[in-house]
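Next, two complexes with chain A in common: one pairs it with chain B, the other with chain C.
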Partner chain A sequence: MGAGFRASMNWLHTWAGVVVGAVLFAIFWMGTLSVFDREIDRWMMPETRLAPVAEPASLDRIREVAQALAGDAPSLFISLPTERQPVLGIGFRKDGEFVSRNVDPATATLLPERGTLGGTGFIFPFHFSLNIKLWSIGYWLVGLAAMAMLALLVSGVIVHVKIFADFFTLRTDKKAPRVALDLHNVTGVLGLPFHFMITLSGLIIFVLVYFPNAWQGTFPDRAGYFKEAFGSYSRPKANQPGDPMSLDALSAEAVRLWGGGTPLYLRLWHTGDANAVVEFRRSYEDRVTMNTDTLYLDAATGAVLSRQTQQPIMTAQRFLSGLHFIQFRHWTLRWIYFALGLSGCVLIATGFLFWLESRRKRHEKQGLKGLGVVEGLTIGATTGIILATLSFFIANKLLPPGMAERQSYEAWAFYLLWAAGFAHGWIRRGQAWAEQSWAIAAAALCAPVLNALITGDHLARSLSKGQWAVAGMDLALLALAAIAALTARKLQRRPATTSRAMPGRAQGSTRGSTREGRQHA
Partner chain B sequence: MADIASSPPRWQPAALLVLRLLAVIVGGYYLTAALVSLGAAGMAGIGLPGSEAVVLAAMLGFLVYLGLLIWGFAERRMRLLCLVFLGGPLLAQGLLYLQAGG
Partner chain C sequence: MRDALLLAGLLVAAYAGFGLLALSQPRNWERLGRPFRPARRAVLGLRAGGAALLGLSLLLAWLRDGPSFGILLWVVGLTLGALCTVASLTYIDQTRKRRGVSRS
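Showing the complex of A and B:
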């Protein structure tokens, strides 16, 4: 395990990074935003910016509202409001499609159709599936990228011998490759426990997606395994009209059975039938472990039909999932996750930058073309996706409410801008960095202005009304605008480093960078 | 550190590199998946509840796969590599088949 092993790890780190870096950045960027997905929802769905209510409308009233909309749907879904999501949700299947609507918990009235996928419907699923549904390709790509991330972390630690010294090293006065490498090392080493934990736990969430046949040697069939592991309950319809108990009384019974635990959502099976069942899923707001505690109550009598809890190892799996999902109430930790997620983005971007800057001179001398391809890829993958995200937010404000297929146009605004970000990166090369940074600054400034103009919730108002989600999103956008503008200015003052620049001007002395360049060649 | 540059990995031929990538990434996955199924059966065999054994084995599977990936890109003996990543999944699947039958 001498130099040969380290050389192999160096090769693995370099090329795995270049090949999957773009996908990894997208996953980390979307994951970082997903930390605040419900807050993004509030910003994107102004009709849901409701003040929290102390006494929400009765569940029986909500059932009537849902029933009126759902007709004879086989099951109804009701999610209860939380601190981060002040609306009730109802859902059901109609003509093969899942319909979901928001309900004002104070008045039990339907809110207008969302017309947007929002943070929870677009950004969050993008994080784990790239929103590619065909043959679950998205899941597998994300899984492969996550395994590559773990391999990158391990090989990165092996490559960097001076790991302790790297901890304290950030030389901003040095040339670009050195700064990129220092920043890569600082975020990589400082964030190592987080990056390893978040990547591994992300894989563990989908343990049965990635190892779909793990039951093969233990159970005769998949259904047998699922029954033991998750044990859902169902019973056939009686085909006779039933006399259901009050949902509020059933909910109180669930709380009593859980010793004070509150429900997160409920599902009504066979509504109106004598064999109707109400399923209660326990909230995990107060703990890391995302329990799967489920109660099935007889809708007519309130008798417990089935009660599920998890066994120890499954609880460990739910704990690791909870570490990743952060559905618990803890604002400090939520911000720390956000900051560490951003540090992951910096880690990936600086890895790319170091690859580019340490090769630029040599590749120019040898007339190699690969650098331009990777530079365009890096630009589209980093500044491009940030710009695309902002275009998604701006489209959300500019598209008229009530427009048909409104959410698809929002998604298109994202994908078109993202594609344009890559194209621009490949065409403009080095100049694209500053140009896209200016575009980010302008777009990030534009979004809160549009929010103020269209919804009326400008910063002074959202702050004074305690609309922290809306104010936080506006402030984050303004901070992004400031950072992007500063970056763009700094980039434009720097001597040009592209192949189009005069050969003599490119990068000046590279005495400090040749050593690292050789290491990573 | 300086000798790293002077001893590049000898995987220059593209065909060998493609073979390695396929063997390690695809073969490594199939080997891991088979080991997960076998491991779950083994743990269930010594008394762990079946569904618990499956989850534990599958969670450990990610670390096993990670180990195989690292080794697969460091190992220079191509024959050993092919033996493990092509023969391994076949052997493990065979064992699984026997175990399920018996």
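Showing the complex of A and C:
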């Protein structure tokens, strides 16, 4: 391998990392939290902390509840309770907007609305769209960052001079740039299979958005693609009143046709019409592949109108999607994904730290200003987003229930704190690391205390009642508080060499401290 | 119970497998505080043993969860095992150095 090639890959790795690192950290952080998005929902929506029911209320009763709310809405959506989501969901379009409500599956009564987007409504979409809906800019930014991540992973392997010699090497007693680089190398090399798989599958999920030519060249329109890939089916209304069969009987028929497979959700099309259709989507919690098995039954007779079974290309796409979405029931994998997602966050943060620490002396000598810009960006992108997430959780507890536009205020709490994190990073530079770590510790301690005070579900109670989602969230927050406090203390104990230096920086020249250091600089 | 044992087995096999691979490198012996340069045959033996344990880990993952979940569990389990090996080496090295400093 020529030195020129490695040098060019090094340039690519360094600058692609600096340019997209902040967005990548946000995507990885939110993705890691999304592993437990439904558990975060339980923590943020106390009224949905229900004990699982063996026999949920009848679907016909749920249909009545939904129809009473939806009026003459042309279609109804009903999602069934699962282990991670112990509530039924109903949804419909009203005045052009999609309305959704949670229903207690034991009693078939509507649950009060908290007015929160929760983990599934804010954190999860942030992961893949940055919650920027305008012109799908968010999707494209995330796609660009994911492509850059793939390039970073490949170029990282090429520029890593001693990939096997340093395979197990992490020396925490060395100078700051060396420690950052060791940690960057270890998380990058050992986590490579996971990081590559998760990034590539993330891109493949949005094949429709990122590679439109693939389906536009084959199908006349989007509907044609969906018909073949996902088996979507529709028929016109008869414009005559119909007499629908029992939904429970239709659901039993779907289970029979799938040989025991259970529905995940159902949709009722043309409700009340003689040509009404009930669509059943099969659950995929027992397999990696997110199947697209769909059944369309005649609501009046139960006759099968259309039945989709997955084709090979779609199976491959849905397998890769399943690897990424982890909607399957496998707690071990869920926790390992969470841990490896955090290792991805460490990988990105240490990349930034190495960039900063290997340049600090030289830039200060040369009077360059760029370091401060990147340092503030790093602080805001890493500790800043963690703090912003905690403020989102705290706002969820402090804002009164039933307040108008409550979910918007929660989101504002996130964005304002995030912006403040960047501003604080740029103003305070080196000191901001420890200060934001202290703030994280305080906020992470505050959140479970507020949860206990406001909902009454303190740790002793949630653990004794088997509310694992709530207890797990409280324990994770307490662990974060402890880690942040230890980090802050350690940062403040380290000597600083200049008034604005990063407290974590060791004294002495970093120039020529490592071979890679020279390369990256 | 069977699942828990297989899970523990596959993670321990991944951890031990990477442990043997780490011991095939002299620099990791130094970090353990026992400078030692394994002979060529020993290096090959350690690497073969390490690879065999990683293979055993795949077998246990497959037995526990079947092909699709099993392979996924194995891939992410390997990373976890390797990270634990790194953490162990760093911990031992640091503890040894701290003790050395406090003695002197």
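Here are some notes:
Basically, the second predicted complex is superposed on the first by the 489 of 521 C-alpha atoms of A that agree within 3 Å, B and C clash if a C-alpha of one lies under 4 Å from a C-alpha of the other, contacts with A are read in each partner's own complex, and residues count from 1 in each chain.
Assume contacts are C-beta pairs under 8 Å (C-beta built on N, C-alpha and C of every residue); 3 or more make two chains touch, one makes a residue touch a chain.
Predicted model only: the values in this text are computed from it and were never measured.
In the superposed model, A:208 makes contact with chain B only, not with chain C. Touch criterion met: A:197 reaches chain C, while chain B stays clear of it.
Of the two partner chains placed around the shared chain by superposition, neither chain B nor chain C is touched by A:255. In the superposition on chain A, contact of A:12 is made with chain B only, not with chain C. With both structures placed on the common chain, the touch criterion links A:155 to chain B but leaves chain C unconnected.
Annotation for chain A, partner touching more residues between chain B and chain C: B. In the superposition on chain A, A:218 makes contact with chain B only, not with chain C. Of the two partner chains, chain C is the only one touched by A:323; chain B is not. In the superposition on chain A, A:314 makes contact with chain B only, not with chain C.
Every residue of chain A that touches chain B in the complex is listed here, in rising order: 3-12, 144, 147, 150-151, 154-155, 161, 200, 203-204, 207-208, 210-211, 213-219, 225, 228-229, 311-314, 316-317, 320, 515, 518-519, 521.
Chain C contributes residues 7, 18, 21-22, 25, 27-28, 65, 68-69, 72-73, 75-80, 82-83, 85-87, 89-90, 93-94, 97 to its touches with chain A in the complex. Chain B makes touch with chain A in their complex at residues 1-5, 7-9, 11, 25, 32-33, 36-38, 40-41, 44, 48-59, 61-63, 65-66, 69-70, 73-74, 76, 96, 99-100. Taken in their complex, chain A has these residues touching chain C: 165, 167-173, 186-187, 190-191, 193-194, 197, 287-289, 319, 323, 328, 330, 332-333, 336-337, 339-340, 343.
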